[in-house]
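Take a look at the structures listed below.
Each of the next two complexes has chain A plus one other chain: chain B in the first, chain C in the second.
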Partner chain A sequence: MRDVAIIGVGDTRFGEIWDKSFREIGIEAGLKALEDANVGAEQIDALYVGNMSAGKFIDQEHVSALVADYAGLANQHPATFRLEGGGAGGGLALASAFMAVASGLWDVVVAGGAEKMTDVGEEEANRILSSTADQEWETVFGATHAALHAMVARRHMYDFGTTREQLAAVAVKNHRNGAKNPNAQYQRELTLEAVLEAPVVADPLGVLDCAPLSDGAAVVVLCPMDMARKFNDTPVRIVGLGVASDTIALHDRRDITTMDSTVVAGKRALHMAKVGTDEIQLAEVHDNYTISEILAIEDLRFVEKGKGGPATEEGVTELDGDIAVNPSGGLKARGQPVGATGIAQAVEVVRQLRGEADARQVDGAEVGLTHVQGGTGATAVVHVFRREN
Partner chain B sequence: MAIPRFWREIQSRYNLVGTRCGNCGTLDFPPRDVCPKCGRKSVGKMEKVPLSDSGTVVSYTTIHHAPKGFDGTKPYLLAIVELKDGARLTSQIIDCDPADIAIGMPVEATFRKLGQDGASGIIYYGYKFRPSLPATEET
Partner chain C sequence: MRDVAIIGVGDTRFGEIWDKSFREIGIEAGLKALEDANVGAEQIDALYVGNMSAGKFIDQEHVSALVADYAGLANQHPATFRLEGGGAGGGLALASAFMAVASGLWDVVVAGGAEKMTDVGEEEANRILSSTADQEWETVFGATHAALHAMVARRHMYDFGTTREQLAAVAVKNHRNGAKNPNAQYQRELTLEAVLEAPVVADPLGVLDCAPLSDGAAVVVLCPMDMARKFNDTPVRIVGLGVASDTIALHDRRDITTMDSTVVAGKRALHMAKVGTDEIQLAEVHDNYTISEILAIEDLRFVEKGKGGPATEEGVTELDGDIAVNPSGGLKARGQPVGATGIAQAVEVVRQLRGEADARQVDGAEVGLTHVQGGTGATAVVHVFRREN
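== the complex of A and B ==
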């Protein structure tokens, strides 16, 4: 297996991008990544696109070929693939691109993610998000995506004494980071009081515990490590990859306060990377709800099980803490164009490891991690990255 | 939801029918063709059985942002319920003040309208749970 590097990154601003279509945001992020990588379009062998539900959001399937076409690649007929795994689609696209390069099959491979969520109304968008749960045995009984995560939060509070304020502290931290990210959907700080007093969505989660609906795209360019310096002076190596699945319905889990898919994907990725948890300096994790970040930092073993709430409150996960979690602002503040999130996380980690993250730069960052999950954790994808000196 | 799609699941949604693995005895709800513990050894040995209609609340939430079709009853309670024989499911909790629900609370199944496809669409039915009536305690 060959070592694989990321040689270019690009993204759009996340948010309500009224004036641009799905294909336009995809191309905007893609062209930035190719420019960053110094790669000509004619060199691209394959394209992997993470996308959750273009069919429902914009009534357009077959978006992998569509994006390649509008990137001007149709005449060279690259291999194109679309990956779907609820919120984990971007992570699956990166994993697939990695495998293609590592295997030796292809050299220059693009992994992208895009979602256009604001062409439908908020209620419809939330209905589409809920379809990543079990439609026959969860949503038909009135469950929503937020409600399922609320039940995780309620049980976590019961089992470990996690407080409402600790949940809110996740949102406050991620907005503080997002305020330093010029591509974030929300570039304003939030007070703890604002989070606590926001209208309730599904008790105990309020509106400001939930990541927003967003449009956006992100793209990375991969090639074999031994070719990387031909394109770019600052390659970042993908040193570990873990993908895992679990029951589709939350109620079938062994324990609803532990995402076993995240535990397993994390272990697989760190084992492959030969990296200890204590070596990870920054992590972009799947904070689609505040409770999700608390579970993620526990299940990735950054903190002890049950201690995610207090750790967040004590500043362990701040930019200058033991491990910077969601320096980009995360899904919560940076935004949540679902299929793009896994790639956007990789974009952020690459910028951090290159030392290009400006006001939100984590000092001396050399090793970073990304984590996305689909549904209520039926799919999880973890990648580990290392700066190449 | 198309009529056949709902009709197919009626047995389980009306009567809490699950499966028992003939190999290891594990109960599952809804019915499965393959036991999650035994894999292929269970194929052909998954027997349909009605499950217990009482259990306890594992976790719960009060839903204020309701999806279409459920907004008439909001806010409403949703819970994960563990049935007495061990299987778990997701259900609404009715006849219960949101201030009174708690983890561990005993609940029992009841048969209700679940939802409707639009104003003149089909109405579909199934289980909801409610607090168990106290049996013989207190006078």
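== the complex of A and C ==
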């Protein structure tokens, strides 16, 4: 298996991008990544696109060939793939691109993610998001992702004494980080009071506990490690990956306060990377709801089970804490174009490991991790990255 | 790169399967494939699902985790991926599963494809199928796949003198083969007259020039070649694969009577396989319309450009011809559950190479090929297979 490096990254600002189409935001991020990588478009062998539901959001399936075409690549006929796994699609695209390079089949491979969600309106967008839960046993009875995550939050509060304020502390931290990210959807800080007083979506989660609907795209460029320095001097190596699934319906889990898919994907990725949890200096994790980040940092073993709330409140996961979690602002403040998430996380980790994260830079970052999940944790993808320069 | 074998295959009968759900047909095919492979479910490392539009057909995205869950695998948390590329999704799933095994990351990997299309009614199903064409420049103006393929057919008739009867001969041949396939949707022969007199869908294509809407699933089990004989004695090796894209809109092509994606994917696959076109004894190709098969056999270089019509009429592609094309009955008679197509083709080739194809057996088959395309040829995937026993 060949070693694989990320040699270029690019993203759009996330938000309500009403003046650009799906294909335009995909290309915007892609061109930035190619320029960053010093790679010419003619060198691209294959393109992987993470996308959740372009079929429903913009009435367009087959978006992998679409993006390659509009990027001007049609004449060289690159291999193109679309990966979907709810919120984990970007992570699956990155894992697939990794395998393509690692296998030796292709050399220069682009992995991107894009979603255009805001054109359909809020109610329809939330209905579409629900189609990653179990249609026959959850969605058809009216379950939404917010409702399912609210049940998780309520049980976590009951089992571990997690407080409403601790949930809110996740949003406050991630907005503080997002305020330092020029590509974040929300570049403003939030007070704890604002989060606590926001309208309730599904008790105990208020609207400021929920990541927004977003448009956006993110792209990374991969090649074999031994080819990376031909392109630039700042390669970041993908040292581990783990992919794991679980029951699609939340009610079938042995315990709804632990995401077993995250636990297993995390173990697999760290085992492959030969990296201990204590070596991870920063992590981008799936904070589609504030409770999700608390579960993620527990299930990835950054903190003891049940201690995610107090740890957040005490600053353990701040930029200057023991482990910086969601330095980009996370889904909560950077934004949540679903299929782009896993790639956007990789973009942030690469910037951090290169020391290019400006006001939100984690000092001396050498090892970072990304974590995405699909549905209410039916799919989880974890990658571990190490700087090589 | 490790050599990769297919050690088990399974499929459902294709057709209007109104008494079973998406998840049920996926599992039915999967269990048959595992039994055929002598593989226990607990040995599965990863699951790849080709699917075009479950989001629209059954309001369910995230079908990879769904199928793994309902197959009883949730407790072992396999890695799960959904691949989409219009009609090429099954081929992309197979290519991705190949890379996962070839890279050394995973050993026992399942690649399946499934689609449940008939519950939404014919008009809506055709509308959904159109979402693999270019939404902004084709679909929004009313272009359907039948209309686009009709233009291709008309131009092919003009450029090469292809006749209406030659188009119809594809349907007659594929129904003759389908009549010998117990899992085909249509197990009855058609006369040339019946095809010629069928109601017109888009001139010159009649309803019997078009593959049907179908429900169905197909599954193959992959492992490293050097592990294959632990499971059974009839491994089939995947010796080559090629994936290629093209402009998504038909009007942007340099020539609409040649599918460049097929030309390029075919060359890439044969180059990797170190196999000459003349060594291919049988091929399953993408005959969603009769004209599509004529293009495919030309663009894969089985016959000279422009000679696909006469060759079909003369019996070159019959079961006992120079090269047996669509021995299963193809999309036309076996059926067309879109995301399952690429996998179903592999199932047929494996059965042929094992000598298990009964009444439709191609004598002495040792090397076979599969070809799927997405949209009107914006994606093409070609695999080459060789028997190893």
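Methods note: the second predicted complex is superposed on the first by the 389 of 389 C-alpha atoms of A that agree within 3 Å, B and C clash if a C-alpha of one lies under 4 Å from a C-alpha of the other, contacts with A are read in each partner's own complex, and residues count from 1 in each chain.
What we mean here is this: a contact is a pair of C-beta atoms (placed from the backbone, for glycine too) under 8 Å apart; a residue touches a chain by one contact, two chains touch by 3 or more.
Because the structure is a prediction, the values reported are computed rather than measured.
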* If you stack the two complexes on chain A, which partner ends up touching A:Glu197: first (chain B), second (chain C), both, or neither? -> neither
* To do: Classify the contacts of A:Asp358 with the two partner chains as first (chain B alone), second (chain C alone), both, or neither.
  => neither
* Which holds for A:Glu136: it touches chain B only (first), chain C only (second), both, or neither? -> both
* When the two structures are overlaid on chain A, which partner does A:Leu83 contact: first (chain B), second (chain C), both, or neither? -> second
* Please work out whether A:Asp252 is in contact with chain B alone, chain C alone, both, or neither, and reply first, second, both or neither. => both
* Asked: In the superposed arrangement, which partner chain does A:Ile58 touch: chain B (first), chain C (second), both, or neither?
  -> second
* Asked: Taking the superposition as given, does A:Ala146 touch the first partner, chain B, the second, chain C, both, or neither?
  -> first
* Both chain B and chain C contact which residues of chain A? -> 136, 139, 247, 249, 252
* **chain A contact footprint on chain C (complex, rising order)** => 1, 21, 23, 46-47, 52-53, 55-56, 58-62, 64-66, 68-69, 73-74, 77-86, 92, 95-96, 99-100, 102-105, 128, 131-136, 139, 243-249, 252, 260-261, 264-265, 374-375, 378-379
* Within their complex, state which residues of chain B touch chain A. => 1, 9, 30, 36, 58-68, 70, 76, 78-80, 88-92, 98, 103, 114-115, 124, 126, 128
* State the interface residues of chain A toward chain B in the complex, per the touch definition above. => 123, 126-127, 130, 136-144, 146-148, 150-152, 154-155, 158, 199-205, 247, 249-252, 256
